[in-house]
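You will see two complexes here that share chain A, one where it goes with chain B and one where it goes with chain C.
Coming up: the complex of A and B.
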């Protein structure tokens, strides 16, 4: 029993959960209505975004508050590739991956010159710039945005219900892929460098770890997939618009809440956090701004009380239960 | 023979405070040099310069002919400079074996598979075999020091920098440490060992140098250096453990 919460625990559990959820989620569209599927699609998308934020901040110690830049840019790229360049919609969607990866390189080059706090603020400022540029781009509907052409949307399913099904499967596949990729990264050579860097950057450097190269890799992976998720989101919303596609609240603030509540640096964290978030949203959104205050207070409370989030609280509770059992047996 | 490491008139200041201003030193491949010097003389700082963690304020530092003064720490490591830290710097949330694997993969460029094998061997040699699956943060100080050595030795460095690895050890523990050193340090590895525990040094190094008064004041065979009146005044007035 070692390396528990951080390593072995976080690989066995998600693999089992991953297998089980694939078995449940894949055939689900045959049993539930469109509304439920849309709801779950939404959950898968934010869960993936949360996984990617956790990959950066939780696993890599790279705190960005501007990752919504990539979600928005991916959405706009998808729109531009399909509508303006007339590319095949599937190809366009796939191309948002390398697009996001390429875009993240100059962004990282700029941000990596800044120290921790400035990195965060710089990432946010850059995201704002992206949004302003998106609102000025000719052919993208300016500040109010623009809808996808029906034939592009129809490529993903002729009828509404087949489309809802397909986007559901697509977003679930992306979520599984993202989780799988993170597990793979964490168990690669780079994963070791990453964990070493997070534990002790100076010692890691003296042992041959180049922190910037590790962080750049994380940034590129997350930028690529956020961009793809932005494309899926565009398909789900049927339109791009600066404030929605580049929403700081949806793609960064809420996401940070999910990761912090669920547990940073663990695969299971963003899963718990995202589920909790959509449940809270459903039950509290009627209260308006109070809902945001409750979320904020919960996140701050969690950071003060248990920075490891619910994942660690559950772990602790299990350990305690196991210990009492041992005592009773003895 | 071409020197492995060459420092020429190296100086280092933090802000306005000068630690040393004229350190010159050459080291042949495979040579073993001990460094003595009073507390605060700048011995650890010298290691920080050689391993690329700090930049010298002046002078020249060459390693295999490359300019060390501009080299990033990870590149210095990949070119074969391994070091331990005076205050152990474990990767606390990784297991003992994983700590060593980092050096083997990032530092020595081994595949994960090869790295696991080498980590296994080194941990056996350093007496950490039983702790391999423990989190590094749970180790006691003595084991943490061994882990420092294991991490640095696992990458098979050409130059190994040891910073007070024998400090605070009992006589018996010191003997064990020397046995371990003989096992893990290959004969062709050059070593610079900073140590206050002179009797440990004498059993391992060929020569010693004394860093004091902002420079290397004397270098030579260990008995000669210990006889040196200047050294006695500078250093052993304070804290001899001979």
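Coming up: the complex of A and C.
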């Protein structure tokens, strides 16, 4: 797409911004109330999921409509590891990372058999299968789901407010890690081959890039972190259930809209999209279907007129302003 | 006998799935667009049928020509007003536009018709059955659906391989730039193609709305079964799509023997197994 704008810029600026936000966000729990922290935790989780979808679609050109499969699977894995295997809750949470990575390997192997355009619907079918199977697993409460045991929840903080703080830090740490990893990947040799692939897959193959290997790597990274985020989400919701843990609307539909509106193929895109989404949700959630229609229309408009999203629109507006200023000064 | 009955029911159900799939397959074959909103368009036309029958107080059999006409108009409008403006050099963009359209349609239907499941009725024909073998009764309406699928596929095949418009379709599908260079009005071809797609969608929608319930959220299920039928059959092969639909139909009916929740799951599982065994489908086309 708009290759040069999307891929320009060094890694120094994003890293500096990342450092600054860490300095602001980490001590925040000492200044704000539980409600605000819960709100921000929600934002961090959504933003991380959006970053991971963008990593696949914006950077890798792989559109998945089945990201909720991994979020849900991570939640169920966390529940199974803690409740059925009796593992330490922290260890269980950490284990959802390799669990998600391992799960995404066969999933990718099956999906990559389909042509690019059909990958999307194929991923959706797989997510459906995951959700239906989750509802049939013995010991997970069937279709209505099951609550986490209190002592597992309490491992993350004995009192409610300490738990809210800890989950806040945890989800923020995951977000920082995800963004840091994406910056790293995009500036690695793999990242450059990815850009070559995104611009022209055939030409990239001629230069020795194996598109499928690169896409598989992205898919595994995103699967691993989505699964971890699913575990954190379970800790927030205190329960797993098929329709909630594997929510198509929450973990795929909203996420796609956020990234498309914010700006695909740039790290700032999902950040803008997620913030905008959370703010709009505050004011428009009472309108349910109308809110969805507005989001859908905005996403279509963005795809037709500026596939780079708000990120590129803002950049363009700044350039224009700088130019007029220059002209005025001269 | 129980098994034979299940196989027959599944086969006939497969006809409906093939009907769902034809439009999706055409849009991809001609325009290279994966229309994620396809299932929602089917449901939308079912609601159009419901509205027309309610408004004039007639049966869907009488209202069918009006629904077909409305569908044809909607097809032209969709292509002229939306898809014509979608750049297709990057498959990502049409895919995401269709995704946005899907969510918009679902929520418009929710606003307009509410979440309650609806169904159309055509009276006695729905319950009528014939005994095709001793002790084996088959619904007349199910046979009708299967017959419609066979007739529609036959008709589309004739159109694609025997008419000048079909030649234009194939030319555009093979190579759009070359077709345009040879003096073909590719925009007109695309518009006509979308009109035909929506007519097939209307036929599927009307038969579906009589056969069972539908609601604003039931589009994605239709999309997924249609997609599975196409991939199992092999992209671009319409008779293959019918076979794919029949396989999914039989898998669902066998699953339903265990319990209702296995019905959908077993369809998906059979699809995944076949995808692993035959990634190019049962009847692959070399160009597809």
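Here is the rule we use: the second predicted complex is superposed on the first by the 319 of 330 C-alpha atoms of A that agree within 3 Å, B and C clash if a C-alpha of one lies under 4 Å from a C-alpha of the other, contacts with A are read in each partner's own complex, and residues count from 1 in each chain.
Going forward, a contact is a pair of C-beta atoms (placed from the backbone, for glycine too) under 8 Å apart; a residue touches a chain by one contact, two chains touch by 3 or more.
Just so it is clear, the structure is predicted and the values come from calculations on it, not from any experiment.
Using the contact criterion defined above for the overlaid structures, shared-chain residue A:121 touches chain C, although it does not reach chain B. After overlaying the two complexes on the shared chain, residue contacts for A:151 are found with neither chain B nor chain C. By the touch criterion defined above, A:209 reaches chain B but does not reach chain C. Set against each other, chain B and chain C differ in how many residues of chain A they touch, and the higher count belongs to C. Of the two partner chains placed by the overlay, neither chain B nor chain C lies in contact with A:159. Once chain A of one complex is fitted onto chain A of the other, the partner contacts of A:296 are limited to chain C, with no touch recorded for chain B. Contacts of A:57 after superposition: chain C is touched, whereas chain B is not reached.
According to the touch criterion, chain A has no shared surface contacted by chain B in one complex and chain C in the other. Considering their complex, residues 51-53, 72-74, 77-78, 83, 85, 89-95, 98-99, 101-103, 105-108, 111-112, 115, 133-135, 151-152, 155 of chain B touch chain A. In the complex of the two chains, the chain C residues touching chain A come out as 28, 32, 34, 36, 82, 85-87, 90-93, 95-97, 99-104, 106-108, 110-111, 220, 223-224, 227-228, 231, 235, 261, 264-265, 268-269, 271-272, 275-276, 279. For chain A in complex with chain C, the touching residues are 1, 57, 61, 63, 65, 110, 113-118, 120-122, 124-126, 128-129, 132-133, 135-136, 143, 253, 256-257, 260, 264, 288-290, 292-293, 295-297, 299-300, 303-304, 307.
Note for the complex: chain A touches chain B at residues 2-3, 6-7, 188-189, 192-193, 195-196, 198-200, 202-210.
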